[in-house]
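Structure record follows, encoded as structure tokens.
Note that the chains are named A, B, C and D in the order they appear, and that numbering of residues resets to 1 at the start of each chain.
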Amino acid sequence: MIVVMQKEATEADIEAVRERLTAAGFDIHLSPGVARTVIGAIGDKTRIDPASLEAMTGVDKVVPILHPFKLASREFHPENSVVPVTEKIAIGSRAFHIIAGPCAVEGREQLLEAALAVKEAGATMLRGGAYKPRTSPYSFQGLEEEGLKILAEAREASSLPVVTEVMDPRYLSLICEYADVIQVGARNMQNFFLLRELGCVPKPVLLKRGPAATIEEWLLAAEYIIAAGNPNVILCERGIRTFETYTRNTLDLSAIPVVKKLSHLPVIVDPSHGTGKWALVPAMARAALAAGADGLLVEVHPHPGQALSDGPQSLTPANFAAMVNELRALAPVMNRDLA
Amino acid sequence: MIVVMQKEATEADIEAVRERLTAAGFDIHLSPGVARTVIGAIGDKTRIDPASLEAMTGVDKVVPILHPFKLASREFHPENSVVPVTEKIAIGSRAFHIIAGPCAVEGREQLLEAALAVKEAGATMLRGGAYKPRTSPYSFQGLEEEGLKILAEAREASSLPVVTEVMDPRYLSLICEYADVIQVGARNMQNFFLLRELGCVPKPVLLKRGPAATIEEWLLAAEYIIAAGNPNVILCERGIRTFETYTRNTLDLSAIPVVKKLSHLPVIVDPSHGTGKWALVPAMARAALAAGADGLLVEVHPHPGQALSDGPQSLTPANFAAMVNELRALAPVMNRDLA
Amino acid sequence: MIVVMQKEATEADIEAVRERLTAAGFDIHLSPGVARTVIGAIGDKTRIDPASLEAMTGVDKVVPILHPFKLASREFHPENSVVPVTEKIAIGSRAFHIIAGPCAVEGREQLLEAALAVKEAGATMLRGGAYKPRTSPYSFQGLEEEGLKILAEAREASSLPVVTEVMDPRYLSLICEYADVIQVGARNMQNFFLLRELGCVPKPVLLKRGPAATIEEWLLAAEYIIAAGNPNVILCERGIRTFETYTRNTLDLSAIPVVKKLSHLPVIVDPSHGTGKWALVPAMARAALAAGADGLLVEVHPHPGQALSDGPQSLTPANFAAMVNELRALAPVMNRDLA
Amino acid sequence: MIVVMQKEATEADIEAVRERLTAAGFDIHLSPGVARTVIGAIGDKTRIDPASLEAMTGVDKVVPILHPFKLASREFHPENSVVPVTEKIAIGSRAFHIIAGPCAVEGREQLLEAALAVKEAGATMLRGGAYKPRTSPYSFQGLEEEGLKILAEAREASSLPVVTEVMDPRYLSLICEYADVIQVGARNMQNFFLLRELGCVPKPVLLKRGPAATIEEWLLAAEYIIAAGNPNVILCERGIRTFETYTRNTLDLSAIPVVKKLSHLPVIVDPSHGTGKWALVPAMARAALAAGADGLLVEVHPHPGQALSDGPQSLTPANFAAMVNELRALAPVMNRDLA
């Protein structure tokens, strides 16, 4: 990192910074300038918090040179990571995977109907929430364990592996019994206790980007999981919060090439939450594939007008099938296989 | 709420909406227009999810008329709420309370020094984190239970009640043993399991606004806690995420009069996180008092240059004391008492 | 529009609103509710400013039902507009057009080299700024009229029509002499005097979205131009300002299907400004095509390391050619022709 | 500035950067590191565009050390600037000035009534727009020259100097005949032709911050005016665009101490546009004073419910007078005089 001293910094200020960095094991290179001194520090950035240097007397600013994440970085792991889900399914390979299903598991019939429809259309995994984070305490909060059992039944019926969300560490072992991939919702991206425990489970983790998270913070959240022992992290871009109100969020598709550059982790896109309107989903799904995403997470409901959550952004099975057909035409151009 | 139908909506579409609303117990008032039909629905909005109506065929949009929160609203509780902390201290009364102390408890000596210094200067409560949410897994994560014990010792030494953060429901009962006020951090504002359990503890909750949360979502988070049984919620504005990079966040002081209008809950301001730079804290603290806030949450560290977290935004005890003196001059003009 | 009265509104308040709307030629439909009165008003929304109603005593809020733009709306003009540029080139047709060239015209040699290179690779129009809006007064501000002459020479040499920016109405007639398409920069999107005068020129206008403009405001800016007499508006999405700092802006590709739904105007994408980094441009260009854009505006510089502006986001001719080849493979899948 | 090279940068890459900087007159200091080379460059940053360095092969990033503005910076001009308006009125002195009046001049009677009322309550300057930037082409666009004449009449009647907005350079000399202070609206903050011409007029300029402008960009806009010859710039914070929808903008009061630190220019606050709701204006006005602002720009309309623009954010004369009384009590605590 580089420490830029203030114009008014004294010799003693500079010496204090130098000592602190040396004590933390950094190699120091001093550039005394006319206007101000610049201190280059080479070493393991995890040994010191740049913010604490910035609070020292005489320091103007600290400029990090390396990224703050390591295990999630492409420098550390130059090859693309491929995250295995089942024997046949892996995210980050040549195959482009579509994970589809309703926002929430609302009942046996609804989920089975959805599972068979999305399977038929070409989805390779089933999504459905049993525990639902809802903005209002008066909204439907999910069927909980009953929902997990229905998911298991739908997996049996459709042979699609199942993705479902964990909201609280206390339910993690229960959810692990039922789920093939554990989802971390956008609002939990920085639930650090949860992230650490996901480092200890034998299942892949689908990590959604928080609505106000920078790409760097998102990769640091992945770093928590990997550092705690679980390398199988799938990133999911789902839109960030901006001033635009026509869409529910602003889907940041540039995050795909950025993640591909900074990290080795696979990245998929959720155009349903990313737009909040089903009519915009197919265009954004095609764009995600064209931008290099490894897959999609899409909301499909047999009867969106009766959905207990996220109806306006849910595709009908027919619209979903039409969208998959478009993607099927696009995939070969992107050197992707679509089931 | 008002349901605006699309121009192309059929009689059957309108009928379906009408039936659904009637079944949910709403009184219906139909306004057939030249261009499109508008359906007014009067009833308890918690009985139906507006989004699910929006997903019905022929519906253009749903416009809520009432706020989605009820227990947190001023309509429901016209008088200001006063949240008792100890026998002598209550937030939301004429007294303006300053909660001060370091970001993290780093050790016995540091915390005791901070506690006595802020007490001396005029703070009426002590803050300090034992469990720290950190963006990077390589940053200091807090002293955990050891930190709680030090907080208790500092309370003993200073007679200041203690505010500390809970990050995970599993630690809630432990933290309740030590804390006088339980803080919910900005990144946990929508940790709904945690919010619900805070409804069951016999301590006040200091609920920080999430960095990407609208005021409505913040009040809905408070609604979770109140609806679960705990009416003692103190709101805390701490800055929202915007495009401006000079400050760490953008402190939204207009949230103070907005909250005062929409809700009966007390609201305090955290100018330390709100700006990220200690030199900006005094001006924003004065502005918060002038805008009508009920108190402040401020970071003070005996040696900011050695702080393990948030050094750049921590005041020294001397700067803190100078700031409190300014506030003391301002308080009477705002009809506030400052200890 | 719908006027929702406050709970406390008096009969006189309601009557005043009703009179005002009636005087403005609206048909009124009153829905007296238990909780509050709702007034539906049918008529030409351009005859009254909703904000002025909102300021009336007893009014809670005004909810517009129709979009505030008319000539730019798809309701008014259901077919896609095709904007003719030359006899052979039209934007909004089946042909996918790539407008390429340097940010600024820096000299004869630079522009001619760029023009021939992008032509060779497949671009159908040439871009280049003679008047440059620069954040700092100390940055290169463009070659002005000399730049326009060089653009004309490059058009001659390459037979590519030319797109260049107008920053001030006083230069409009001069620029019209040289340009085939007049560009309005993002920072001028709400320069209303300029927009009105663009309504009077016989050239198509390429209207960039402002960095903080909603899609509705962007379409209202187009409405200014169309209402003043020029229907040939090409919209250009170029990224909006968000909290993410890795990219210069956040490219909002969902704006493409949104614009296609709300409006009949063609829409192209500028992935260079949208990302600020040349390495991200190809992925975003493919995504734009896949999302349904009608073309691209791309920065290409023969020697980006020597560019006087926007070097970091400029493709080299070789990288540009590689990108166009990828797009050429993608275009047929999207039913598009690419030269 | 500091140039950080990529890990893969070659000797030739480093040499090229060094040569370019030397040629531009910079003194160079090379720090060859283990991981990567860092080049310190000392000299006049206006001689080279950092972005153009960033586009050179082998360069990772360029970190500016000095601010990009000079004439507007406090380093260049350590004392506060005081901007004279009339013989008796100057902004940036101990006097706290309130500029009040309607958004738009709508007629003789309206403006005279407003002028006398705000004068009576304690305002020291009158605002009113004759040329109005309106989002929709169908909204009232101002009375133009007729409005300027009414402003002059109101000045005569009230002896308040007049602030009014210029939207287009062609009207600048006309507006200069009538106005005492020329306002640049938020949407014109980066209309660089206009800024340059404001450098040549003998009147102070009130420069509003753009809704998506960083503080650095705002000060660079001021730099344009000062560099062109007019040092009399008054900055005006009026809210930035964020995701929060309850308020029209998010008033960034932290901009006040930031501007005071970075610049010598006076800064005032517009709480009317900053909130969009008159009921929030008094709290934000008090907060602005407490945060160190030099004055206010406030919308007051004799009959907000009949206003042709911005009614919902306009105070009545009575509410304005009440607000000024509160400010009068606050001013002495802030060492300010209020008429």
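Structure notes:
Here, a residue touches a chain if its C-beta (ideal position, glycine included) is under 8 Å from a C-beta of that chain, and two chains touch if they have at least 3 such contacts.
Just so we're clear, the structure is a prediction, and the values are computed from it rather than from any experiment.
More C-beta pairs touch across one of A-D and A-B than the other; that pair is A-B.
Among the other chains, the CA centroid farthest from that of subunit A is the one of D.
One inter-chain figure worth recording: subunit A and subunit C are separated by 31 Å, centre to centre, where each centre is the mean of the chain's CA atoms.
Computed from the mean C-alpha positions, the centre of subunit A lies at a distance of 39 Å from the centre of subunit D. Distance from the subunit A centre to the subunit B centre is 26 Å, each centre being the mean of its Cα atoms. Counting partners per residue, subunit A has 212, 241-243, 245 as the residues that reach two or more other chains. Residues of subunit C that touch subunit D in their complex: 16, 45-46, 49, 51-52, 54-57, 68-69, 133-141, 167-170, 187-188, 190-194, 196, 210-212, 217, 220, 223-224, 227-228, 241, 304-312, 314. Residue ranges of subunit B in contact with subunit D, taken from their complex: 212, 214-216, 240, 242-247, 250-254, 256-258, 261, 274-275, 279-280, 283-284, 286-292, 329-330, 333-334. Residues 2, 4, 27, 29, 31, 33-36, 38, 40, 42, 60, 63, 65-66, 241-243, 245 of subunit A touch subunit D in their complex.
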